[in-house]
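Two complexes, one shared chain (chain A), two partners (chain B, chain C).
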Partner chain A sequence: MDMKRSYYEDLRLFDTLPLSLWLGVAVLALAAAPAVFGNYPLYVIGYIAINVIVALGLNVLVGYTGQISLGHAGFFAIGAYAVTMLANAGLPILPALLLAGLIAAAFGFLLGLPALRLEGPYLAVVTLGFGLTVETIFAKAAFFGGATGPAVPAFDLVLVPGFSREQNLYLLIVATAGLSLLAVRNLMHTRVGRAFVAIRDSDIAASCAGVDLTYYKTLAFAVSAFFTGLGGGLFAFHLGQVDPTTFNLMLSILFLAMVVIGGVGSILGSVLGAVVISLLNLKLKGLKMADFEQLPLIGHELAGFLGRNFMETGMANIQFIVYGTILVLIMLFEPLGLYGIWIRTKRYWRTWPF
Partner chain B sequence: MSALLEIDQIGISFGGVKALLGVSLAVARGEVVALIGPNGAGKTTVFNCISGLYHPQQGRIVVDGREIQGLRPHRVAQLGIARTFQNIELFKHMSTVDNLLLGRHLHMRSGVLAGMALLGPYLPAAREELRHRTRVEEIIDFLDLQAVRGERVGNLPYGTQKVVELGRALAMEPRVLLLDEPAAGMNLEEKQDLRIWIQDIVALFGVAILLIEHDMQFVGDLAQRVVALNYGECIAAGTPAEVRAHPEVLKAYLGAEAVA
Partner chain C sequence: MEFLGALPQVMFSGIAAGAVYALLALAMVIIYRTTEVLNFAQGDMAMMTTYVALAMIVGSGLPLYAAVPLALAFAAGLGAFAEFACLRRAKEPSVLGLIIITLGIEMIVFGFASWKWGGEPRDMPIPLSPYDGITAGGVIMSYLELITIAVAALTIGALFLFLNRSKAGLAMRATQQNRAVARLMGIRVRRVEMFAWALAAVVGGIAGLLVGPATTVEPYMMWEPMMKGFAAAVLGGMTSLPGAALGGAIIGIVENLFGYYVSTAFKSVVPFAAILLMLTVKPSGLLARHYVKKV
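So, the complex of A and B:
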């Protein structure tokens, strides 16, 4: 039972002192990283941060508003293509990024319209169709650079004079992720975010309390697509190329896996899910048959088994077998994902130093 | 007496089933009207028609001189009509405070950008939150919900959930309040509290209340007038005592053979 507290307390950015301290440490560490690390670690953190932005965006739709999307790779692609083409047209990087996010948001709004009348499996199919359509159009249309994609212009934004291109890009990505975290967290604590969650928990009650379902459902799509597009825009620079085959159904599922594994409807969960899936993805993506030989104990046997049953090219998709397995396990044992595990651990350690 | 809410001969059917057939009733400011009838009589359907969840195929629903049948639910809510649900419809993952704050939705303005920019208690969205939080706290005090203020409502006992739902409806500052079996499943003490709250709501805010309730004692204590439905038709209307003694009502409740 909690006592009547100052209302200001509920609006404070961070609930507890330890959390504020940890966040302070994290911010300092991320800011200091370029001075300490070489380019590859920065690349990895940048990749994670981009996925954090996307996972946040997708969580707004899936976790908070209770709608499904199997097409978020489409918004990611729209962001990547938009930023590339806008920058190629001479627009400076920051406005190009913002505009790319807004263009993705506009498409999110449009996709949200048919989504109004659809739920569950029907919505899944519509968003799936959207993702496939976007992927195909980008890959086939000469206007968008066809199968090779458009050339991405050099990243020439200087945030810290004297920093290399990679270091500046890293800072931009991490700062954008930080601001996105703050923005989504704030949004969920105010009127619009509450309306999203209300729609998820009871759309009937929400509408009878004055929430315009049409408006807020499409708005959730637009907000979600904005952050995903923003992530896609950063991704174009991060990879230095835009390859239309990247933005496929598997990528949409990867994004969804981040949200589900991290924890639906949780900011911290979005971060955890993005971190875990990004790292797994980097680790498992380039896996070769020979890599299995390295595993202790079962390595030789496993490599032999895989060699007999899989083609070498099939190995490239091994990560999806891993994600699939994790997803099934999460659904069975911890529907709140990593966030749920975090909550239980925290409860368990409640009396620990803090 | 000019009614705030007036229902005029509404009818609706689902497939071939006529759920409502020419139902009429009126509720004035500061008045409590009860809607009674056996299960399946169409009481909740009347509420759904008023709320805009259903659109009646015949008749009119007028609020303060304005026809509302055919409006969508959020437009109806904007006109000052709030309701509770027979099978509780709370936002069960949100706290009590947040459920009530959602009830303030119509009175708040912040959009997406203001919401994202909320930083400490200084910017407009935050000031708006605090202002409405004050109103919500008044309702929390009024309904004695202090102890469960920060609790996820899904975890609360049934009776408390019903009170939170009433609180959310009150937070809307409605002119018309529709209560669908608010006392169902409550123990005697909870019913007692509820009765007093409803009397206060009427006395303090002059709200017009339409109440669906099976407990005739409860109805008799609160309602000035009662309308009885059976198979989608009005079978009686009048004071609680009149309606309770009405032969059609007795027949509906006890079954034809008991009267014969």
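So, the complex of A and C:
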């Protein structure tokens, strides 16, 4: 099956020829997208790619190191604010992005310190408090622009001469997502990645085997926060504004949902989870009564029933019901998420008639 | 008001706020110490309970004394159903997995309530004005705050008696300590767990019904109390009932002191800073024995 027969096989970037080919096709398609699509599809792909970066970052912490975080919206916010303020201070966009990631990583390191002694509910409450604190500080402190947030500077980076602002931004986001995928994939095959996984499986056993818990646990938080901050920085440009109220607990839960739905501790899972949640988010946000009317057979009665018993203004909240249901169902039936389903399908077809 | 003269008033408001946190903390502790599940849906289940009470009072015209018990009965059903339909079905759950399930329940309940009733804040009609009250020793106590404290104290007292003196409470403790042995002793472990969820939902629902009239009824109403309640539970050590009550009071007082003397803008994050400090000194909370994991 997927057994690795030698160490070098395990280290190889692309396992099989078909996989490399498909990856090549995907890269080409993403690179060609700006020439083919209009601005909205690029916006959607960019949104997905940002979430892929964040899901990857969170997966490093939750999936690979086994720590719980309910505060990743905080790192996301730190990234967004840092990029905005650095760019406003006159820094070019690329260094600002990198620096924003590093600032978020520094906060991740700080949050990792109390996490050394804590687990389960105690870690959950600390990360929860971190997210809440960051949100409150950004929303209340005048230095950060108060309730409206700071003005995001124009995105003026030119990657390909002749491309519009949207096309350049798209390329930057997708390229960053690709590099992040590569980085996390490789990181997990190094000494550091192995140490993370050892901590997840049993931190005491890992420390007996010589893994420095202090170093690697804080490092996991820092790495995770770095990618999340990077995603946040890109998000600031992508949305064109920074609104402190978006970085609330629900966002942290959504990030966690991406990781869990995609598959805990899997790179492919992070991508799948981010794609599914992002698409659902974009689709369900604009749900209207008319969408129910269009359902065949029951549409009219259903719309009538919903109109009598539910508030039309609250219809956007259907997305939370959908996410919640998916989360519960995934946990009950396929704890490995979409990645688990993918693995099972693959196994089934490989040995097919039997 | 002069600097120290305001202290009794600030303390009193803190205890009134803390009473609600203590109830939510107790609800979480009841579930955590019976089933080792961290129930993040507690707050939104309480929100739903409050909406149900509101719908019965405003929509169906039921009197308050009928609507409240019915709403609490609904809460019990909701809690039991959540355990029966979701938590019980989990196969070999991990800690993270259980948290994810309760977060999923939380999102479902939140989405449903804010779809059904919309996001507009509504007023909970109670036959009391929030401005009426008595003044004792320079401290203004509104009837609502007094009722909140009284109800919370009664609930907490009843819970202590029930969990420490009754057979059902004993069964719950046995289930927490060793599920397999409890089962061998003839305890219906699953029923006990379901009961713990129902009980916790009722206790949380009481908190919701106390928050509702004090603020407004809206889908987000329980988020902050819920987070503070969780913080209070952790502060008290997650498994200790007196710890949860104490934690709630401490958090209410600390945040009110900070709000009055330093800044109201950052009032809501102070409890978490306090908890962070406390956890670096005592990683298991105030009133819990240090838990050592066996490898």
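Keep this in mind: the second predicted complex is superposed on the first by the 330 of 354 C-alpha atoms of A that agree within 3 Å, B and C clash if a C-alpha of one lies under 4 Å from a C-alpha of the other, contacts with A are read in each partner's own complex, and residues count from 1 in each chain.
One rule holds in what follows: a contact is a pair of C-beta atoms (placed from the backbone, for glycine too) under 8 Å apart; a residue touches a chain by one contact, two chains touch by 3 or more.
Just so we're clear, the structure is a prediction, and the values are computed from it rather than from any experiment.
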{"item": "Partner chain in contact with A:A205 - chain B first, chain C second, else both or neither", "value": "both"}
{"item": "Partner chain(s) touched by A:V223 [first = chain B, second = chain C, both, neither]", "value": "first"}
{"item": "Chain B versus chain C as contact partner of A:G307, first or second or both or neither", "value": "neither"}
{"item": "Chain B versus chain C as contact partner of A:N186, first or second or both or neither", "value": "first"}
{"item": "First, second, both or neither for A:R194, with chain B first and chain C second", "value": "first"}
{"item": "Which superposed partner A:I253 touches (first chain B, second chain C, both, neither)", "value": "second"}
{"item": "Where chain A meets both chain C and chain B, residue numbers", "value": "202, 204-205"}
{"item": "Chain A-touching residues of chain B, taken from the complex the two chains share", "value": "51-53, 72-74, 76-78, 82-83, 85, 89-94, 97-98, 101-103, 105-106, 108-112, 114-121, 125-126, 128-130, 133-134, 137, 146-150, 168, 172"}
{"item": "Chain C partner contacts - residues on chain A that touch it in the complex", "value": "62, 66, 68, 114, 117-118, 120-122, 124-126, 128-130, 132-133, 136-137, 140-141, 202, 204-205, 249, 253, 256-257, 260, 264, 309-311, 313-315, 317-328, 331-332, 335"}
{"item": "Chain A residues touching chain B - in the complex, by the definition given at the top", "value": "1-2, 4, 7-8, 10-13, 182-184, 186-187, 189-195, 197-198, 200-202, 204-213, 219, 223, 265"}
{"item": "Contact set on chain C toward chain A in their complex", "value": "32, 38, 86, 89-97, 99-101, 103-112, 114-120, 219, 223, 227, 230-231, 233-234, 238, 265-266, 268-269, 271-273, 275-276, 279-280, 283-285, 293, 295"}
